[in-house]
């Protein structure tokens, strides 16, 4: 898992550097500073950050072998994650309405690639969380449950941290 | 993730638990029954055995070696005379692109993977790799990628942008055929294969070493492979990003490398070389690893400065990530970056030098047996030294601006890669052939093989140094008399020498093929320990059984096998033989463990790879095909998840059924 | 070997293939409908193959014994789902493609469930075991599939709500929603003897409420500004107004950022109301800038003046379209504040005529820089 | 260069006979006069590089000889002659450390010189003249912005041959219109890529008048091998003459001549892409080429004063026939100016290649000019297409082109 995450780091590293290089390159369409809705994105970042917290709670419940609470926190994490994805869908829609298509400019291509990739990661994470919840519920895991929860938690934190980096670099630092 | 718990054996079956008399399934509950054949083609197609996969890797890689070699010969034919007419400009450009791509991604990397797959578990005393089915998946994905890459020859022309495919020349307008799309997808799929493979091998090394084998008692080959896998894990994602960007541009209209939109073409170069430079070490370190086994064995001495060799390997890997821009000295980086990367590049020469010194000192004071394997290993040290020194001249950035993109650099990297990599692999062939196939390759033919290759190689690539310094750029489909210079020793002479050399080299390879054919026909079995070897892979039969070791060895020394054979005489400090290798192997067979669970064969890795291939084709030929591919992938992944990794008891082919299970193979 | 079970699916494959071909011929060969029908055909074929591979699920059992001990399976509602899917597909074909895709999804989902249910029912004569077999075979699909559906539903309806609300209230709604998820979670968890069922009920209620609100939001349409933005397209080139004063659309948000420094051929300054230029490689100020023709070349504009300025390039004039009206050709940067810079990228295909030489000017400042395209 | 050969000969234990051959090579090595030899600097910048080469190559050679000599001795000495199996020692850290420090020291020395070299070469502050160099598939365009102190009062545009004054620090501002190319005149400086969207700087300075060859060295597509360049250094007086010739106004051929008819053909065909400054249409308005509508890179060589150049089609072909060409290449630094400035006369013209080019350009140089295959570039050519000219048209055109002195 750590190896996989290390590998993922480089993947996002590549995408982030592409974005950093191209963020100001707008020949057509809107410029980043013209469309970003920082308050909204801050909230969604915060939501994701909270989901990391609930994930921690899930892991600690799993370690205490408290299945009900593990399930609860997994569900909450999943819901928060899903609402983050919802926020992203909203954001993409507004950007598109404002005239920022995938091929509009270099900024748009690299922005959508980066955040899109991240969105896919979050979605996969949510699916894993929900499935994990169902599996625990049905008592399908014979081995150490907390280990599985921890692994998925690790992934979730990773996705979260990547978002914090993206949020800082992409949204907050003025280009 | 473990799927063990999903196995349903009769004892767990709810119906039996209740004691009712019902007819119940007595076999694992796969959606499809797992393949159980242990003979014929099915055995190979669905195998998850690391040894079989290793042999398949090797065979396929060797076929691609021939393909790449033929491409190289065509290139040399074209350039033998001025204004060559063998190939058109278009075909020539495809030829050199595919020559490099084939040799790097379809020969060198998988051939190293072949050795790694086969010998890494044996060297660390493991029964298999950590995730056998993933291992099979790696192989099939690699094959799929290779086939996609080469399919482009028949589907409108291969990629034609050079193996580093600089944007924007690789963009849709400048390379309008589908070749580059095939190239992107082939590499993506082969890249996934390498990534899976490397995670698998890292986990294997870290978790499955025999008892007593600390990291610093690991054979150097295993060490180098470990470093390579780390390099792959961290460099492949970067090229993946680059390829994805290029794919978005070519297939979906993104503008990442479209300068009219303000793009910076150097982005591609940076991404490519951040991957590309570690890739060079990915190619060469396995060769280093192999000769670090061969040189000590045939010198009857341990590797001189084992920890230094290991750490220099690791530091080459590490520093290798910090020198990528030395491929871009001419691209206008600005003096400060050029200076920094120039210095870093020089720094990397130091650990490399350490390695060379250690190899030489390994032989110093030895008792050297010049077998074919040893000859190739010595050839590697010499050729790589030359390649390394010409590398230092490149590190001097201003001097590099005269040499880069000329034949001088072609000479340099062929000395490094052909000399440092291919010679290592051939050394490995001769060294390990008796282990893998139980038969000795003919030493005499081996000698012919070596001398033809070494002479051919120096004739083919040596003159390229001079050609480059005389100013012949690379990647030109023709060279012209107008720039050839006067006198006998001009472009014409050296190009001709080089072309002749390449054919001598080809004859050398032909000797190897003859040798293999001859050996296959020869009924004589190889001795169990033909080379008086030093490492654990020799502590079992040749070829090894499915479960590798009859009992898992306990390790006390670096070069464990050697130390089981010899003891040091207290007074004279010479080594005294206490047992032969064959004795040791027989003792192991006698003390064999019973009831060894090995992972069972599986359809899914193969099917999943086919699905990935179809998915890739879909990117080029349209969404419906993509949908088919995606469904195939999902379907196989589903089957995979349902299938328990270890088959039911009745599928075992290991000898005994009673007695406790001592070793349960890992799952994955 | 074609088993009874696989026949259904092969039939489905055949039908949907025909449908796909018809669709491609009659409607549109390359759109979503064709793809989905094609996908349906393939998945039918796949499931069919799977069914025939497993011999309809006769997993290594003595068939006759199974038949003899056969017990009726539990009633199944998958056929109904399957039928619903078919209905949706048909409706979708006639109306909106979203419904069509939804139908396909339901069809595939129902089909798979049905097939596996059917297979598991025949797996053995033991119902419990059959149930076990079913769960085991299906959960690898069902859980992630369901999770994906839940994710999709939440994400879709959430975003609808945001789209309908104004920027500020959307943000507030987000805060409230996320906070309530979190708080409810804490409340439930803080009970010493909490029950799993409570969580589920609350979650289902919440999602149900979201779907409700989301539907209303989706029906009420997107918020006004967005619709306007989509309509107006602030960033369309036709909105580019190069006068001295602020342009409503073009200067909507000023963009004072530069990332193309490596490519600038010259820098044009305005200071104390005067325009001057420097070119790369030239130590002196220049009054002429040479740009190769047809080559994307960037010029940096740096405003060192107190007032806002924009850089304008005059590229002669040309006839517009077929109307024959002669219009000035040129472009400009946005209004640039003090000590800010902007880049102008130019691709000029033709040299100037003698009558109308090219030049850079800054409205509101004196002086001009000649632009030569050789 | 000889150093490399030394390394080789000692390395492979190749016996004396082969070593002798290499010895001859060494002698031949420096006297070959290859036009693109990287060891024959003809200007300051190339000299800086050459000085570094003279440090690093001998260093590599000496190290190579020492290491491989020692290795050869090891190989010879420790052959298995029945000696006992040696003690299994794992090496001596002291030796290791020494063997690490020695190369580090050598490299530090090299590094210091390299460092200095890099910054010396990057110097652009004291530039005396600038030239914009633009690469595209597969030729180079040179344009000289107006620079009064160099006597250039109007911009000059040329292609194929770069003309520079001797002893002047010339700064090339390189860029590209399509893919990455690389500008390389080995006798004057190392190579520098021409990257689209960027401006890369390369300084050249020639010590003496002369003709220096070069070649595009970044793979740039189909005809990469045919993208050549030449640099001509002229004495300052000769350069001034060249400038004044380039700035000379267009003179239309006299009415009734074959050349005048050729002008008509030109206005019919060639003007679509090729500009001739000052050329006027029949109605008297200036004839402006529109390469952007026909060629993907948006540019085609400007043919004003074509006959003052010695090459055409990306310097793949000579405009001078073999004899005259040799005359210019073989000229001494003192006479090359006169010979070059005399341009291409009718008797010196390489009519064969020029006519073949006009007849069917893509057959002479691989280019993407097949209209059927230009879907991705929006139907625009990448290179000159086959215009389907008749032989009489070609006669007329050649006569006309000869007037573009």
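Things to note:
All chains are identified by letter, namely A, B, C and D, in their written order; residue positions are counted from 1 within each chain.
The definition used in the following text is that contacts are C-beta pairs under 8 Å (C-beta built on N, C-alpha and C of every residue); 3 or more make two chains touch, one makes a residue touch a chain.
Being a predicted model, the structure only gives us computed values, none of them experimental.
Pairs A-C and B-C differ in how many C-beta pairs touch across them, and the larger number is found at A-C.
Compared with subunit D, the chain whose C-alpha mean position is the greatest distance off is A. Overall, the chain located most centrally, as judged by its C-alpha mean against the mean of all protein C-alpha atoms, is B. We define each chain's centre as the mean of its Cα atoms; on that basis subunit A and subunit C are separated by 16 Å. Distance from the subunit B centre to the subunit D centre is 39 Å, each centre being the mean of its Cα atoms. The distance from the centre of subunit A to the centre of subunit D, each centre being the mean of the chain's C-alpha atoms, comes to 51 Å.
Residue numbers of subunit B whose C-beta contacts span two or more other chains: 259-260, 262-264, 332. Each of the following residues of subunit A touches two or more other chains: 21-22, 25-27, 140.
In subunit C, the positions touching at least two other chains are 260, 262, 296, 345, 347. By the contact rule set out at the top, the touching chain pairs are A-B, A-C, B-C, B-D, C-D. Only residues 124-125, 127, 130, 132, 134, 141, 143, 145-146, 155-157, 171, 173, 175, 177, 196-199, 201, 275, 286, 288-293, 297-299, 302 of subunit D touch subunit C when the two sit together in their complex. Contact residues of subunit B toward subunit A in the complex are 1-2, 4-5, 195, 199, 202-203, 233-238, 240-242, 244-245, 248, 252-256, 258, 260-264, 267, 270-271, 274.
Subunit A makes touch with subunit C in their complex at residues 21-31, 33-34, 37, 39-40, 43-44, 46-47, 50, 54, 57, 67-69, 71-73, 75-76, 78-83, 85-90, 93-94, 97-99, 123, 126-131, 134-135, 137-138, 140, 174-175.
Those residues of subunit C that touch subunit D in the shared complex are 260, 262-265, 279-283, 288, 290, 292-297, 347, 349-351, 353-354, 372, 374. Those residues of subunit A whose C-beta lies close enough to touch subunit B in the complex are 3-4, 6-11, 13-15, 17-18, 21-22, 25-27, 102-103, 105-106, 109-110, 113, 140-143, 148.
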